[in-house]
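Written below as structure tokens is the structure these notes are about.
Note that the chains are named A, B, C and D in the order they appear, and that numbering of residues resets to 1 at the start of each chain.
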């Protein structure tokens, strides 16, 4: 009982929309883009077979408006909607709405999203599936004494977490009982205003855990597999920056054990589609269930690179009702992959977002290099959305080869017009602790407490000094030569010279 | 007894120079570019750690001048020279010269190059190694009757080939004994003037063979492996255009048999380094030795994609004296890879070379796509060298997935400023005979006798018509609006409008 | 509304265009089509035609009506004329300018290796006229229409630049 | 020969430059270096320094001496001055213009969420001044030097464009 999908509306933008459309093209499925005002010339619109305008730039007036998406999908006869990640990807209401309108939602069932989206319910499901969870306690609404007692049972430091949480909101680490009351109150308030749900719970706070997650795939016929782990310990503000697969510390035995646990909770909750089961991991072999992400994740390409699978194609096949074409034993991990999130941000200014037009944009290439980009040269990075503009993924036959290729590709990547995380990543690739694979979610604050990410040395400084002086020199020289020309001709001699010479050298060693 | 290489002079240009420098970076080896006048801003110069000018644009005055290359290598203390392909890659004199000067030549020994570079000697070596060769005969210099008799023994049609041949020069197909004498004479003359060696021999002419070649790797310690085959049957004028690995017709048993034959001749001739043993193949299981290419080949990336190895890194390790880190049994072929040669040529004008500046140059990307490019945006494609500007390589879990990704990547690839083979390749990916894998070296002339490579249909024609009319319309409109402006402002309204609007829309559906 | 006649291969398309309150309105052979047009660079634009997305590059030389439209991995040669002028021209029996070009020019720089015709020779479309070596390959320049050789401007051994006149037919 | 003083981090470099018969001649802290310079685009060039290859992008704003040099995956902030003027300035005890900038400007468009200081407040380098929300994230703007708040130009809820004045220190 399969239903061939022939046209997919991609309810997203940026790199993930482009990524999904590439899979559509590979499957000979027509892809449909939607776009807001400021995305009228965006790369995902150019990549699509069809494209429709859905509203003003703010996502609340465009990409998040369920009515508009459904309206376009029906008007143009799309069989299915792929939500990507973010926006409506984990919105149970939207998933249900699609189904009600006779459109396939490429993702898990609405009920599964609801269950796993609530941290308390997810924790319960994990316990029932026999997964280890971090020691912790649910809290009654208003009983502070009871809560404090439970905190003592769990043992300080404790972590207060919002039941409906995400993105670090409604989360507090409490080291001492004295600070508990205030932290509890403020976490509840923050959760209430952010999610409309002030329920919180407490967990034992792990000081230096690794973030390890397992990719799962489940078809509509009860078959489920895991595709190995990803290590995503390099984070800032609970947002991942570098992900890799496999993890440097997961043995084959641990992979089997944790993978089985991941498949188990998926099957217990009736999971369908691609998903991720997240764990905290403490060496050598303790792991704790964290949560399930009911969507395709940003970092899915590292799993693709080491398994040879195309996860978006698998998602679509599952949505069509096709059985998985492989079992757990058919899968193996080959080599090592690392993903670098290329964000329009200034790492030294606490990753402050940066906007602008990409005056230069040149992708790295060659052996072992993949780029999933949402922008091209002359694209504008608008203010309205996530600052992730692209992902660089490298593959090597082992972790060392992957790191070497990462270094090379990051140096090849050329972007001008916005600040990016490229230089930051390049610095990390020389970090001995990273190279040793000694990672934790505390990595950045421990290694770079000053937020300075530099590999400037005297040779580079000298080269940059000569470059800067040459820029001044050539500009001055031209202004002198052109001083009798009308004023508007004087702006930039560097430019003027270039235009006249039409890309030829003006000097050099000929 | 290994010698660590720390600095490599890359005696080449274009995509292969860039490719080699990428491997150097991955191995933390300093790479040195050399460049001619017109390559002063070339991509390989920008990619290098160091770069030195070696002469005027014609390759006979720069890239082929052995003295200059040796001089630079010695001046800057390069341990090794990598010749790439073409230029001096198969020049035994240069290989010997390097060794004499104490510089490692990354390639086989001079003697091996000499032996295998001569078709008659190579044929003899193949026979001695027990490889099947095409039925054929050596010819005495001046005895026509004897030659004709031998042609009859071999059986018409016969192929007359120059002993020193290459690139189709000194080669004639003869269908009838009546044409034999003239063909023999003209082939000899052509060979004499092209190679300074008028010796020719005759072979049975195979009508529709496949071109199948095996990649080999041999270290300095007598270890040798093959890395499976490449099928390179899609050719024009004896030059390959599309290569893939594995071949759609080679079974595991045939791969073993032919691979063993390839390893055998390599070991018999004392081969060291990376090389390719070429065969003609007639279904279902006949194969004939053709020649050995004593260099890295253009199409090496398809082998890299299905084996996970980096052949340039392997070459360098072998040159350092390191033993191969794997045996034949450790190797396996995973998935399927196809390479498209992106040449600055017009396929419909018999692949006439095209030169110019790349006003737009955007690489395809995403899952399963690799690009080895020798150019970037604003690069100039000069008249002096090979028209190959880049290679697009796609990988899929099977041949169908690779073809689908090839289609998609070719449509993503955007080049303006020169003609290219991109559209040609895209058309071939819809060809049923190609999709079936029914290939031969006659493929192009059989399938496209008119040299027309088009997939225009009415929908595309209509879109192009509207685009062209809009271009005229917007240009006219601006000229009208600007008619009182000074003359030099009128050139292109499309441009003018663009500059003023700074990348914003001028119309559309907002 | 401006009206254009666009020729692609042997097909002709009648395109009407109008720009009104920041929008483009188009007709294709008399039928209305929804068009949205977004500039992406000097000669590039994103064109949506009834929703279908085309990223286009247009190359025009400014000397004649020909424009090359690059899209979906294809380079499509087009000829654009004012619709009314095209009708006048047709009624007068004049073929369009692209097909009456009789001057053979070098399409790339190179060296003339061989000239195979001389003034007065009759040639048929497809006949080899001369051979130019460029990028280490010999390229045969062929006649694109029937005619007679009027004049040969180069000789074997000459270097030519792109656009140089090679010979003229009549 | 023109002479420049270039400051990168806390290091100073004395660069001499001359252009003679189509070649550049350079000195670095008095030492001669071989320089070759090849234009690649509007603000890009290939620079060979004693053979070492650097593909550079230079961004200059035209208002002050600062230029950002992008190379080898790094963006390197530099300050370039005429060498002699720099010496005069130093003798007069004036610090370079970059470090005396007291006007805090928005480095990106966004919305002011919170203003944490008011005129008259004393601030130390690193103190939070205000919070701007952009791209769904809150960004804290901090003082880059010690001083007192002279004037605040925005209030919570205001939208700001890149380059807008936010407040001024003294």
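Rule of thumb we're sticking to: a residue touches a chain if its C-beta (ideal position, glycine included) is under 8 Å from a C-beta of that chain, and two chains touch if they have at least 3 such contacts.
Treat the numbers as computed from the prediction; the structure is a model and nothing was measured.
**Q** Based on CA centres, what chain would you say lies at the far end from chain A?
**A** C
**Q** Consider the two chain pairs A-D and B-D; indicate the one with the greater count of contacting C-beta pairs.
**A** Counting C-beta pairs in contact, A-D comes out ahead.
**Q** How many angstrom between the C-alpha centroids of chain D and chain B?
**A** One centre to the other, that is 47 Å.
**Q** Roughly how many whole angstrom separate the Cα centroids of chain B and chain C?
**A** Taking the mean C-alpha position of each chain, the two centres sit 31 Å apart.
**Q** For chain A, write out the residues touching at least two other chains, lowest number first.
**A** 40-41, 47, 53, 378, 411, 503, 505, 508-510
**Q** What are the residue numbers in chain D that touch two or more other chains?
**A** Those would be 36, 38-41, 48, 52, 55.
**Q** Okay, in this complex, where on chain A does chain C touch?
**A** Per the touch definition, chain A meets chain C at residues 32-33, 40-41, 45-53, 76, 378.
**Q** Can you list the chain A residues touching chain D in their complex?
**A** Contact set of chain A toward chain D: 349-350, 352-355, 359-360, 383-387, 410-411, 413-414, 416, 419, 422-423, 426, 454-456, 458-473, 475-477, 494-495, 497-498, 501, 503-510.
**Q** Can you list the residues on chain B that touch chain A in the complex?
**A** 18-19, 22-23, 25-28, 37, 40-41, 47, 53, 301, 304, 308-310, 334-335, 357, 362-363, 365-373, 376-378, 380, 397, 401, 404-405, 407-408, 411-412, 502-503, 505, 508-510
**Q** Any idea which chain D residues touch chain B in the complex?
**A** It is residues 36, 38-41, 46, 48, 51-53, 55 of chain D that touch chain B.
**Q** In the complex formed with chain B, which residues of chain C make contact?
**A** Against chain B, the touching part of chain C is residues 2, 4, 6, 8-9, 11, 13, 15, 17, 19, 22-24, 26, 28, 33, 35-45, 47-49, 52, 54-60, 62, 67, 69-76, 78, 80, 107-110, 134-137, 139-140, 162.
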